[in-house]
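Consider the two complexes below, in which chain A is the common component and chain B and chain C are the respective partners.
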Partner chain A sequence: MDELKEVIKNYIINEYLEPDSEPITYDTPLISGGIVDSFSMVSLKRFLENKYNIQIPDEKATPEAFDSVNKIAELVREFTKA
Partner chain B sequence: MAFPDNVRQLYQDQLKALKEAGLFKEERFIHSPQAADIEVEFPAGSSLKKVINMCANNYLGLSSHPEVIKAAHETLETRGFGMSSVRFICGTQDIHKELEKKVTEFLGTEDTILFPSCMDANAGVFEAILTKDDVIISDRLVHASLIDGIRLCSAMHDTYKHSDMEHLEQKLQMYQDKRLRLVVTDGVFSMDGDTAKLDKMVELCEKYNAMLLVDDSHATGFIGKTGRGTHEKYGVMGKVDIITTTFGKALGGATGGCVSGRAEIVEMCRQKARPYLFSNTIAPVIVGAVLKVLEILSATTERRDKLEKNTEYWRKGLTEAGFIVKEGDTPIVPIMLFNARLAQEFSKALYEEGIYAIGFFFPVVPQGQARIRTQISAAHEIHHLDKALDAFIKVGKKFNILHKTKQEIIEMYGM
Partner chain C sequence: MSNFGSYEERVKNFSWAISEQELGYQPGQVINIGWYCSDRICQLGKADKVALIWEGFTGERKVFTYNDLRLYSNTIARFLTDLGIKAGERVCLFMDRIPELYIGFLGILKTGAIVQPLFSAFGEESLFVRLENAQTSAIFTQKKHVAKVRKIRDKLPHLKHIIIVDYDGKTPLQDREVAFSMEGSEKVENYEVYPTYAETPSVLHYTSGTTGMPKGVQHVHYSLISQYITAKWVLDLRDDDIYWCTADPGWVTGTSYGIIGPFSLGVTQCVLDSGFSAEAWYRFIEKNRVTVWYTAPTAIRSLMKAGDEIIKNFDLSSLRHLASVGEPLNPEAVNWSIRVFGKPFHDTYWQTETGCIVITNFPGMPVKPGSMGRPFPGITATVLNPNNHEPYPEPGRIGLIGLKPGWPSMMRTYWNNEEAYKNKFRNGWYLTGDRARIDKEGYFWFVGRDDDVINTGGHLVSPFEVESALLEHPAVAESAVVSKPDPINMEVVKAFVTLKPGFTPSKDLELDIMNFIRKKLSPLAMPQEIEFIDVLPKTRSGKIMRRILHAKEWGEEIGDTSTLENE
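Right, the complex of A and B next:
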């Protein structure tokens, strides 16, 4: 199990999903699939920045980059490495 | 001329896609004044049909009230038709100031500024009062006009789960580092008919030093004991910092809206809100008519009391008949059908029975939450509601959805 992806997935479930929502996978399209609206992405970005002590520049925080757990994990790794 | 065939084709394809997806909106032409009984041409070109209107925002039945029409006529005579100006050049008449004062008194606020519509009020207020150092925290089901206004503003924007006060509190804690916090909600949510918990929200805003904005368009005139709005219902009059509302629904239903609240906020809008600065003043005839509406509503609660009774009657009738009705106590009464096509076909079948009520589905409401939204009016008499109920039951039987659970309806028709 990928710990980073689980953290992201659990945050999304708690933050955005309703109790009767369909379960999500690492590949579920979040923004283009209508699960997360692009406004609500802000709190996810802030959560990741605080938890991993990173700064994701606004130009990198695009709806495409936040569209699945896999993509978000990739983005976080890019900045934790740096 | 720069509209070559390929551009035309592009738009034709997009319109075709909307039609194929069942998302193309068709207008029905009404040949009579707005009322409980209306005459409708639908589809275009067909002969007129008399139907009962169950989907107008004419909550208090004032859209075609004789006294309101008389006041409009009189103002047309005394103040003319148009002002040909924005407010700050030469578009402010004495009656515009009088209406701002009367709205302030009615809502129990400090000051009011008129806008051409509540859509414009919502489009203008955020940018006028917030900067990039601030945060807006809004309910996830707020009206589209608030979302558009928020988009026009440089403040950070985050959301909380619909009416979830714990989630709102978490967000307020999270953004304590911001210069200003503004919490945004509808008073009555237009698609579900539920109300924001303004007593709790005021408490949280006080605890975490945040301002509160409420769009009360579906409440002003009839929610609360004397119809002042959601803030009256929850006992927080004077504690909501900003109320935006419309004259285009219960208050005569023509056009126009306002921002009402803290004096400094109103003044900031007067100085900086772009839809106020760059759009024409409200036509005098509307101002005169809305003044009459406020006079009627300040003299008696008869109309909102009747609306409340009609709403109870309608909700009880539908529930007993076996429909799944969204819980609430407002005159917005959604009948849940879950499936988009079912909602459309149900609406068509109702129309055949002489009932005008529209189906709503994604993207107006979330996927799998399709419904018929009915709206009750003080213009409805019991015989209107009985006839509408008979039609709903007949159509409900036809589609076999009475006394069925959500799961059973979804099994029959899909999400």
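Right, the complex of A and C next:
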């Protein structure tokens, strides 16, 4: 199990999904699937920045980069390595 | 040659009777938007013409002809009638952009009930205040949104039916819930459409103001006359067009020009039920050969941000006419579209209250980048002196945009709030709440709002509503909400808060408050930034001075502070 992906997935389940929603996977489309909209993406970005003590520049915070748990984890890893 | 032709000729010869005649409507006759958008098109020999091409985010695709629109809207109407829904009752649509939303809109109108579309991203509090205010009888929703309705239903005694359109039987239905499958039900060939007339209420859209709770803007079936002719002349819709309006029918653009305008013209339109991504949007245009595209400045700026390179991967040559709505369209966006699409976006200006486009850049006329354009024929628009509400006699003066009431889709009242409605008029003019100037050629140029309402991504957010919700967070003692500039959404919500004893500012507390508002009201209303301060600027009488905080955010002069309490 990938701990980073689990943290992101659980946060999305707890914060953005209603009870009884369909389960999500690491590949579930989040932005294009309407689970997280572009306004809510700001709070998800803020969560990642607070949790991992990183700064994600706005130009990197695109709908494409936030469209699945896998892609978000990739983005976070890029900045935690830096 | 555009449908519109010459501005001067159209203004000179204009009468709303042109639209009435094209629709085959005579004053005093029955007029029902649901019928005009489905049955009438079939009667014109277009029953097999594609009305709606729908695509979900997974790529699932459905196609509906005008005959399908007729049959399914009949089916929905019959279902509601069998439930006991009567003319004049409010029926809410609380769904994503699925086919049931578009066809349900027509079905509800066929029963004579009033349709109340609400944005599916609304949180429970936003949903509650709108359903309570309208005393809504029934709500159409989906499994994914029903949890929000369940949280508030006990406080809504008028809500008799919660209709779930995609019920799968995995969990039991609860109090007042009923399952309904549009495509799974027996199609209703004949439904006796309720005989609504010109002034019969049709649509109730909620909008935010500076003070007080959201107001229900009430429209009537006669609005069709404006929506039909503006869709034809401003959006230049023609019989062979493939039209894409990106707006959600939870907002007025999504109903006036995402349902009523195109369907009353018998045009084929397509809908993408998906979140934003530049690639997905360009692919959608290419795949469906979209010819007319009506979108919003926020989306255009997001496409600009995605860059020009990506455009080269798609064949967008089908695009014929581009238009924009929701907030002022900056000149850079117009110039960008000329460069990458070979044609400009045409800015259109209107409001929930106007029901139709009232000031616009017309197809076939030169676009002045950054300008709102000129008044639609039949609309008298001016810029008023804010002191006496008289039109400025000379061009170039900044004042309030005023409209002479009387066009067909003008709101008829605010639901149960006649006082607020009357307060929108001065000296015989409807006050839009926006400021502008007019140039020597009669083009309007937007300057800004005349109040504290925040226009974020084309959606109005009431600072009062956000401030009230903030006070319900356990850590917040006081709050003030203003807009701050944003490169994509024009402006976004920013909150200033003071904390109760025992709480200290932190990044985690900021995020907690943001999420609290997002869930309670909506993602649009969520402050994108929260600033913790010790004391809010107030007058000596204790009123929070939002304008000082606003000026700080926008780098403007703070102005007179003589009434400031702590000065």
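One rule holds in what follows: the second predicted complex is superposed on the first by the 82 of 82 C-alpha atoms of A that agree within 3 Å, B and C clash if a C-alpha of one lies under 4 Å from a C-alpha of the other, contacts with A are read in each partner's own complex, and residues count from 1 in each chain.
Please note the rule applied: a residue touches a chain if its C-beta (ideal position, glycine included) is under 8 Å from a C-beta of that chain, and two chains touch if they have at least 3 such contacts.
The shown structure was predicted, so the numbers you read here are calculated from the model rather than taken from an experiment.
*Asks:* See if chain A has more residues touched by chain B or by chain C, and give me that chain.
*Replies:* C
*Asks:* Quick one: classify A:Val42 as touching chain B (first), chain C (second), both or neither.
*Replies:* both
*Asks:* For A:Pro63, using the defined touch cut-off, is the partner it touches chain B, chain C, both, or neither? Pick first, second, both or neither.
*Replies:* The answer is second: A:Pro63 touches chain C but not chain B.
*Asks:* Report for A:Glu3: first if it touches chain B alone, second if chain C alone, otherwise both or neither.
*Replies:* neither
*Asks:* Using the touch definition from the top, say if A:Gly34 reaches chain B (first), chain C (second), both or neither.
*Replies:* In the superposed model, A:Gly34 contacts both chain B and chain C.
*Asks:* Applying the document's definition of touch, where does A:Pro19 land relative to chain B and chain C: first, second, both, or neither?
*Replies:* second
*Asks:* Using the superposition described at the top, list the residues of chain A that contact chain B and also contact chain C.
*Replies:* In chain A, positions 18, 34, 37, 39-40, 42-43, 46 sit in both the chain B and chain C interfaces.
*Asks:* Which part of chain B faces chain A closely enough to touch in the complex?
*Replies:* Touching chain A from chain B are residues 138, 140, 147, 150, 156-159, 161, 171, 174, 366-367.
*Asks:* Hey, which residues of chain C end up touching chain A in the complex?
*Replies:* 57-58, 96, 121, 143-145, 147-148, 171, 273-280, 302, 305-306, 456-457, 507-508, 510-511, 514-515, 518, 523-524, 526, 528
*Asks:* Across the complex, what residues on chain A touch chain B?
*Replies:* Of all residues in chain A, those touching chain B are 18, 34, 37, 39-40, 42-43, 46.
*Asks:* If we count contacts the way the header does, which residues on chain A are in touch with chain C in the complex?
*Replies:* 15, 18-22, 29-34, 36-40, 42-43, 46-47, 49-50, 59, 62-64, 67
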